[in-house]
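Listed below are the structures to be examined.
Presented sequentially are two complexes of chain A, the first with chain B as partner and the second with chain C.
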Partner chain A sequence: MATLAKAPPARLSELAQGYLAGLPQAAAPRFTMLRKPEAGLVMLRARAGGSGAPFNMGEMTVTRCTVRLETGVGADGAPIHGAAYIAGRDGAHAALAAKLDALLQAPGHADALRRAVIEPLERERKAARAERARQVGATKVEFFTMVRGED
Partner chain B sequence: MFDPAPHTDPGPDAGLGFADPVLDAAACFRAILDAMAQPARPVALRRRPTPPAPLPAEAAAIALTLMDRETPLWLDPAFASPAVADYLRFQGGLRFADRLEDAAFAIAPIAAAASLIPKLAIGTAVYPDRSATAVLVADGLESGAAATLSGPGFEAPRRFAPAGADAAFWRAAEANGALFPQGVDLLIAAPGALAGLPRSARIQSAVEQGED
Partner chain C sequence: MYVAVKGGERAIENAHRLLAEDRRGDPAQSEIAPEQIRDQLKLAVDRVMTEGSLYDRDLAALALKQARGDQIEAIFLLRAYRTTLPRFGAAVPVETSRMALERRISATFKDLPGGQILGPTFDYTHRLLDHDLAEGHAPAAPAEGAPAPDDAPRVLDLLAQEGLIEEAADGDRPAREPGDITREPPSFPAERDVRLQTLARGDEGFLLALGYSTQRGYGRTHPFAGEIRLGTVAVEFEPEELGFPVEIGEIEMTECQMVNQFKGSAEQAPCFTRGYGVAFGHGERKAMAMALVDRSLRADAFGEERDSPAQDEEFVLSHCDNVQATGFVEHLKLPHYVDFQSELELLRRLRREHAEKTQPEAAE
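What follows is the complex of A and B.
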């Protein structure tokens, strides 16, 4: 879920389309929108330091969506619901993330979808984090070499 | 602002909410406003959600339009089921009242109204707005015991006969009106239409003495 919510929408859509296009016509999943994408505000709670009292830091825009998979049931025979809560107000991103969340619970799709979508996204996110850490790391200043009064 | 935690699970046989949540709820709100402004006059309710049985679509439309987690709902056993509770929590973020007197809204069949109305909150003399609103489900708005009503919102006395209304219903409505400015407001939901019966409506003559 975190991977779906944090993925860049364009890349997520590209990978999802790639996976869905590879399915035979008969296996194409269908969904019912139980709750269409809707934007709202969520209060963020924060603490200043480990011993600080919690306070309301501010509100954040969140878009949520819930779908039901119509072309399959869970291992226990119950209907499969997919839900997504994403930061920001991109309804298409929330809808796609909710659909993929539902497919990831479907026995016939889970493993293939994990390989086709989730693993590449996780790899890319890790690489982006490492790249960012490298860029920041390059500007690190080694204070202990600045010693005054010698020579 | 929505509250994500308590209503993320739609339940096993979930119905659907309004097709267009914002505009449909606004249209339904307008219908309720018209119904309350011109009491005892049927107002069409076209845009309805599809709730799970046994909750009627019109009652669900009113619930999704007016109620949220700050207005505890008391649901009559005739309309209560786990699927309905899941539906109202998921689509509307509703909270349920454990006791009838704590409810801000009640949904019940009109046959249960006579025993229900006296138990609902009527507000206080200082805060008459802290009263409950009852949504009464009827099969129609024409074929029951009739009463002639007048009061604010009536151009002329009007005859009103919701299906399922009987003498006991009109006695309860009359006793409720006598509490004014305290008292309960009634919304009568029939297939495709609703009518309002606010506490300000005066019941002139109950049971068939129409003065058309």
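What follows is the complex of A and C.
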């Protein structure tokens, strides 16, 4: 869910379409929308002093969505529900993430989907993060001491 | 007294059309897109999110465009928008020691684990206008170095390990849901969680002035900037139907920890005290001012006399919200014709009586 939530929506959609297009027609998943994408708020919290008692810092927009997979059941035979709670107001992002969340619980899809969508997203995110960390790291102060006097 | 007055509909409608025309400005210039505001006027967007108390970059940018750059108007728009959305719940408190750092400095220790990382700062610039920016320009690619950490310990925790500063936890207060001023109106005296929430969305200018006043001697607290950090932290939320917390995204935030002068007692050895400030996005000035005011409002906790404005909880918390403040100040623009008529009549009567007393012959 973390990877789906933080993925750039366009890239997530591209990878997901790629995975779904590669499936044989018989294996194409179908979903029922149990809760259409709905925008709302989550109250963010911080802690006094960083580690003390929590306080309310302000809210953020979040979109949620729930689907049921109609073309498969879980390993235990129970129906599979996919859910997404995603920062922001992108309903399409939340709907896609909910569907992928369901497929990631489906024995027939989970492994292939992880390889086709989740792993590339994680790799790309890690690379972007690392590049930014190197740029920020270059602004670290290297102190040196001026030696004054003879000894 | 309120009396319904009708009329002015056409004038209002035309005024708003004129506003839209002026907002667009010279049509020979290309129209500014909210995405440009979001990316290129980032600090304005961050302030609107912080004081609008709603983390959503796109909405804050749109609000700034609609408000023609008026920050308080944009903040007002964001506050109004949030009332249209349901609340799904509250997130797990963010863990700022796991922040992917963009910037992290301490004015108290030169050498500290993780180092002094300047990040994208105005500090040490010469504050000379850069006329190159008036033209289109492509900045040089950023330099690269050893990666900045995402697990740098908080500076004040290092002091706390030696017992040199008070614990961040407020004594042995029982755990409870933090107070929420958007749900229950504040009452005084307020708990620190309510104070921090109020200050977090408080006006930067107001808190800056109050923080400044504490430095100039009005409730002095002898502060050092123990640590200022900026970066992204994960947001975890536990949806009711899932029953376990999931990461729903991340936010950029600024945190300031002030180290202030000592308190001690017969039972307790003297130690430094804390002031804490946060802001959405990059809001260093706001976070620092908030930390100064947070500490000065803790006067009672340290047995300090409350004799300065920045120590007066009711005064600070009741007046730091710029949406409330602007609402009450600007409502003076609305028609008060009847109120004023009655004052005018009263004044005329008083003047008549005054004249009769001082010049009885003239009145006859």
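Note that in this section the second predicted complex is superposed on the first by the 141 of 151 C-alpha atoms of A that agree within 3 Å, B and C clash if a C-alpha of one lies under 4 Å from a C-alpha of the other, contacts with A are read in each partner's own complex, and residues count from 1 in each chain.
Definition applied: contacts are C-beta pairs under 8 Å (C-beta built on N, C-alpha and C of every residue); 3 or more make two chains touch, one makes a residue touch a chain.
Bear in mind the structure is a predicted one, so any value in this text is a computation, not a measurement.
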item: First (chain B), second (chain C), both or neither touched by A:85; value: both
item: Chain B versus chain C as contact partner of A:32, first or second or both or neither; value: first
item: Greater residue coverage of chain A in the superposed arrangement, chain B or chain C; value: C
item: First (chain B), second (chain C), both or neither touched by A:68; value: first
item: Chain B versus chain C as contact partner of A:59, first or second or both or neither; value: both
item: Which superposed partner A:137 touches (first chain B, second chain C, both, neither); value: second
item: Touched partner set for A:51, first chain B, second chain C, both or neither; value: second
item: First (chain B), second (chain C), both or neither touched by A:42; value: both
item: On chain A, the residue positions that both chain B and chain C contact, one per complex; value: 38, 40-43, 59, 62, 64, 66, 83, 85
item: Touch list for chain A against partner chain B, complex; value: 32-36, 38, 40-43, 59, 62, 64, 66, 68, 78-79, 81, 83, 85
item: Touch list for chain C against partner chain A, complex; value: 49-50, 53-56, 58-59, 82, 85-94, 96-97, 100-103, 110-111, 115-120, 142-150, 154, 156-157, 167-170, 173, 175, 178-182, 192-194, 196-197, 200-201, 234-235, 237, 239, 241-242, 246-251, 253, 255, 257, 274, 276, 278, 280
item: Complex contacts: residues of chain B adjacent to chain A; value: 1-2, 4, 8-10, 12-14, 16-17, 21, 90-91
item: Interface residues, chain A side, partner chain C - complex; value: 1-2, 5-6, 38-62, 64, 66, 83, 85-89, 129-141, 143
